[in-house]
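There are two complexes below, and they share chain A, which is joined by chain B in the first and by chain C in the second.
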Partner chain A sequence: MKIRLPKNAIDYVKPGMFVIFIVFIIIRVPIFFRVDNLISVVAQGAVIGIASIGMTMVILAGEIDISVGAMIYCSGAIASEVFLSTQSMVLTIFAAIVSGSIFGLLNGLGVAKFKIPSIITTLAVSNILTGMGSLIIGSDSTLIAGDAYKVISQTKILGLLSSAWLYIILFALFLVIVSKTRFGRYIYAIGDNADALRASGINLELMQTMIFVLTGTLCGIGGLLSTSRLGGSQFNLSLGTEIYCIAAVVVGGVSMTGGKGSLLGTLVGVFIVAALDNLLRLMSVSAYIYGVVWGIAIFTIVLIDILKKKQDIRNRQRQILDHK
Partner chain B sequence: MGIHPFCAYMSYKVNMESNDYLIMKDIHKSFSSVEVLKGVDFSVKRGEIHGFLGGNGAGKSTFMNILGGIYSKDSGDIYINNKKVEIANPMRATQNGISFIHQELKLFSMRSIADNIFISRLPLKGPFKLIDEVEKNKMAKKWLDMIELDVSPKTIVERLSIAEQQMVEIAKALSYESQIIIFDEPTSSLTKKETQTLFRIIRKLKEARACIIYISHKFEEIFELCDRVTVLRDGKDVGTVNVSETTTDELVSMVIGERLDQYFPTVPPLTSEENALEAKNFVNYKLNDISFSLKKGEILGIFGLVGAGRSELARAVFGLDHLVSGELFINGKKTVIKSPQAAIRARLSFLTEDRRSEGLVLSMDINSNLNLPIINKTIIPIIGLLKQRQMKANTTEAFSQFHIIARDAKQRVKFLSGGNQQKVVLSKWFLSSPKVFIFDEPTRGIDVKTKAEIYEQIVNMTSAGCSAIVISSEAPEIIGICHRILVMKGGRIVGEYLRENATEEKLIKSAMGGE
Partner chain C sequence: MKKMKRVLLLIVIALMASALVACSTPATADDNSANDEVAKRLGDGVNRIGFAMAEITGQAVQTEAQAFEDKAKELGFDDVIILSAENSVETQVTQIKDLITSECDVICVYSADADGVVPAVQACNEAGIPVIAVDRGINGGEIYCTIASNNISDGRDVANYFGLMTEGEAEDSVKVLHIIGNLSSTAQKERADGFRIGCENWGQLEIVDEVATDADADRIYNAVVDAFKVNPDIKAIFVPYDQLLSPVVSALKEIGMFYPAGDPNHVMLGAVDGATEQLEWLSEGINDISISLDFLGFGQTAASVAADYVNGISSNDVVLTKSIVCTAGNVEYLAKAGMLWGLSE
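And now, the complex of A and B:
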């Protein structure tokens, strides 16, 4: 005897919105589908995409990381500074990755070891890193590392920018990690029922810490790419990226309470977010409108998910009743 | 399948046929100075189904949680297969071959059956150590076949019925090759047919020489399934008997025991024939067509076992749970109550079962807690500030009327004793001068003296014209203070007794379906 959840109108809202979105683009901004524009969408989306990989893992585990933008900002500033003073590509990449991982470790220890709610931990870390990043950039409000720095992200390989290639490689790697390894399975299990996982003898704290560290590492790489694209850093560069990541993750169907969703969904989400961003630019909408659009988008989609969950509970209670 | 998979169990070394495999000796446990277990002895043989009985609060779940590694014991010894063991956490319990199948299942509801069974032992393959899904599903299928659960191991657990989810827990227990399997009231959410399947599996486990501990409230199940039964009362084991040599009456008297007479106030006779509240044909996910009425000034008891739907009935009346159908009349007028706010407006009050999480704001002081339900009446109009002096007056009155023992009104309620917390909740609701007061387990975890005080308050209140519904698992209490008693079982009312002809035996038998 299997309980089948009947389909409800609410199930069609999200796909419906997606269709309306595509139709809207075809009619209003056909230029969007030109190859060169699509390539630039992917390039623009690379940083958001890489950070969204981390955000997906964090949200799957039932936590949140709002320090993503600040981690990208600060590690980007550190990478620029290192490049400026050493001109060494290897040291720069190393600095970005290590600094990002350390920031992630701060988040991880706060959440897993000291049991501070992730929203508070990452809010605090976010503020620390925003300040640190600005200190590194200094009073000029820009930090120019030189054109040689652009090589990292702007080299064209087989028609795609190296930043886009990096996103593709990292995505493939983490797709395997999240869906095919034990660690990946534990991420889902934490978001599903953390107590049951602990009772199974799994080191819950270590897993949680690792999720945040990896997110930090990915943000370090994001910081490297975002500053390399500009040939240096500037005040408040990339701050607020987390809102795009959260949007991509929820649009991609990952449950905000954890345990459900996939990186493939997030990939679709990243594309939609990057496309919407690109679209707003093509339509030359005021930059102030952006925030409004993103806020409403996240709010609506999370609301749909919550309504769906309520409907599921109702259906189930009704089924128990029918069964009597 | 070639050889029967249960034969796997046979390969274990058995010392001697009659030896006890699990022995627990002189187990003590206290929670914040309240002694819950006062030296319990317990033992189970191989190939035995051992029933575990006891009233609510007898210490059954505490005792079993010690065996399952969820609580740690204060003193006492545990021996498995003649070796002394320490069970510090659930993982150690698993390693010692103990599986605990809880009433609330501990599954990953969004993962597949196979993931659930093998989460801590996922099989790997290849140079990159990726999860071997094929092998995992094959292994899971083996255990599912064994418990006759005919679903794919890839099925997501939340798509299964409760009975099937329970089977998954059993499959998990078997996959660890557990020798001791504890079932905590496994049939409370199963249909008759599902129950029979479960019993067949349990008997198979017995044939395979596992030790089964079966916690239940239901006598018919004990008689059908168990070999021996141990009864726990007030934190002591009162005896272990062979099921074939005992009767329902003997077990009932073992569960009840000879209690010291508690002090009950004199309950004044009913004077009014008018209905204060009437519920007609209440139906929802837990309630099965329930109708009852409550007269003005009446104290109506609702008796039943945990899970019988008593609290759900109260929650439905108070607008906390959704009703599929049913009508409510207050003072003869049809009233629709869809939220607690509406219930309070209709002058209902509800003292919930869980006072710490639902009845009190633990980190606030007594004064603030007391004035919460009437906060709208203690606000200065327009400005919105609280009338401190009036609040203090209310509090002072409550202190003297209810004998609340505290340092002062500014003491935070989380530092009060259970009894005093309950008095704060009580007086809090009294301040809103209700017409109908619903008490859900009003004296749980409270000492005898405070209990008596609470009974007195309930009776006083009804002589002032208010009506009361008292939900309780304690039969003497309900007989002691109620005019009339309804007995619930499985979401239905299965019995109605007037105070004069109610006895503990009658109530317990009808609640357990013994007769």
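And now, the complex of A and C:
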């Protein structure tokens, strides 16, 4: 006997898995739903979340930025050193934001002005910044004495850490920018059909550069938060963060070819990535299978999304044929 | 038909025989040419030595590299080449092959991966260049000499300290968090094994969680915060090397679990390396034990063994360097005595 699945079976897979997942957590890791844990998940995901805002814009524009981790690392190192030398919070914040923006500008110029593929440009910048970050830190791991530097990310406001608040504010701001402004529409248009945008007289190079600069700025803020959380800079801190950002963006349903997706999707993606990381730790998953479980979970979520998109296209084609 | 088969059999045997001859004859020629090459290299008037390092970030390995360079120059090497592979075994394999091309007389390797680097070691063997494994062992090829500390013993010493400090406590009552660093590092894997073995010897010690962190400070920080949610009564934490203690301390401060040594709520912290900051922390009561490895010794011994080889003096297959257990009670004395690479008076 052949079992025939309903045509829209895939629609139920993700919600079904979600329900099973929630039941599993309630039974196996009830601690996950404790308010303090959920608050710490948001705080743990703040840096990835902030960098993912930039990554979403870059991917929506049909590009990729693999220097995100290195930008966070290097701008964080710069911020720590500025704080160590000046003890000035204003100068420290300024240094982090400006350095991040400059790194983003390097990427932007490489991609937009010199037409070097983004994967090559950002790879080169990533290598430069990794070396620079290590040079700034020097042979010691610089741990800043005192708690003054931690104020930026560790201050509790209405039960949430300031890093989480900063993420919420930046997310709201960029949600408006991406979905409600002309610049936001251009981001989608670059990823969808850059030639058409150029033909309509828009300065494509400027738009692309701005996207990378904004991503760099966000990474600068990310670097400030990550070093503030640890009380200073560390060797190789946050290197590889781009993998988590790309995972969050893709899990959130943003198309890797650009032009499709939303920041709200990325928000869900960031929460899933941070929650999964937190869950695996709470469950004491073996060090040796941690990566395997993480990878399979992300792969499954993305696969379901792709299957669902394919099914939607098939359904639409069928509707058109029926209509004809 | 039978005749045909016999002919075919003869042809196959003839082919196999010629293949065997073909395989053996050039090998002899290669051996001779390799020996000639070695003689030529050693007699060219330029003593060149290469050191392929897995990475060169961090106080410990920088100390090792500097000690190696200074000693090699002191012992008469004209050209000292030090390369860093940024922890990529592919890069390291390429770099070692570059060192062969550069006609190094001896190549020292601080391996990025004990197995992954083997093809490069075999390439050195074929070129007749001796390989000295420094700081970490290599799992294949012909190694002229291995200079390393006993990582298993280093990890076990930390567990023994935790055990001694909590002697008399009830079975499985002392919860221990084990932070796993870089899974591809042989040294860190051995330290982890040693730590587990040590904990097994003390009934009161129970490793409640082992967390993979890829030696990433952010992940270590999150791991500590999350581990205390599940096991709020963790009494000791082990990390594979000193620099990874900073995020542990920051996380303990965030969750309100940081108490200095001597306080009944103090969480014991132990690591390996003997870096300056963590040795200073011992006196401040931040951490409890640091195993100081002989990074100066790694570099200097590697250069000495290489110089001996060039001068025709043979060496032991394995040279174990000394590790020193440092605690708040002895760190000042050890520093004054000049026994610590990371701290001196």
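As a working rule, the second predicted complex is superposed on the first by the 254 of 324 C-alpha atoms of A that agree within 3 Å, B and C clash if a C-alpha of one lies under 4 Å from a C-alpha of the other, contacts with A are read in each partner's own complex, and residues count from 1 in each chain.
Quick note on the criterion: a contact is a pair of C-beta atoms (placed from the backbone, for glycine too) under 8 Å apart; a residue touches a chain by one contact, two chains touch by 3 or more.
Just so you know, these numbers come straight off a predicted model, no measurement behind them.
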Applying the touch criterion given at the start, work out whether A:Gly240 contacts chain B, chain C, both or neither, answering first, second, both or neither. second
In the superposed arrangement, which partner chain does A:Asn315 touch: chain B (first), chain C (second), both, or neither? neither
Could you tell me if A:Thr300 is touching chain B, chain C, both of them or neither one (first, second, both, neither)? neither
According to the stated criteria, A:Ser226 is in contact with first (chain B), second (chain C), both, or neither; which is it? second
For the three-chain arrangement built by superposition, which of chain B and chain C touches the greater number of chain A residues? C
If you stack the two complexes on chain A, which partner ends up touching A:Ser262: first (chain B), second (chain C), both, or neither? neither
Looking at the overlay, what does A:Val176 touch: chain B (first), chain C (second), both, or neither? first
Once the complexes are superposed, what residues of chain A are shared between the chain B interface and the chain C interface? none
Using the touch definition from the top, list the residues of chain C that touch chain A in their complex. 57-59, 62, 86, 180, 183, 208-212, 214-218, 221-223, 225-227, 229-230, 243, 246-247, 249-250, 253-254, 275-277
For a test of understanding, state which residues of chain B touch chain A in their complex under the given definition. 89-91, 94, 106-111, 115, 119-120, 122, 124, 128-131, 151, 155, 159-161, 164, 191, 283-285, 288, 322, 324
Taking the touch rule as given, give the residues of chain A at its contact with chain B in the complex, in rising order. 1-4, 176, 180-182, 185-186, 188-189, 192-193, 195-197, 199-202, 259-260, 317-318, 320-321, 323-324
In their shared complex, chain C is touched by residues of chain A numbered 31, 34, 36-37, 40, 44, 47, 130, 134, 139-141, 143, 147, 154, 226, 229-232, 234-241, 277-278, 281-282, 284, 286-288, 290-291
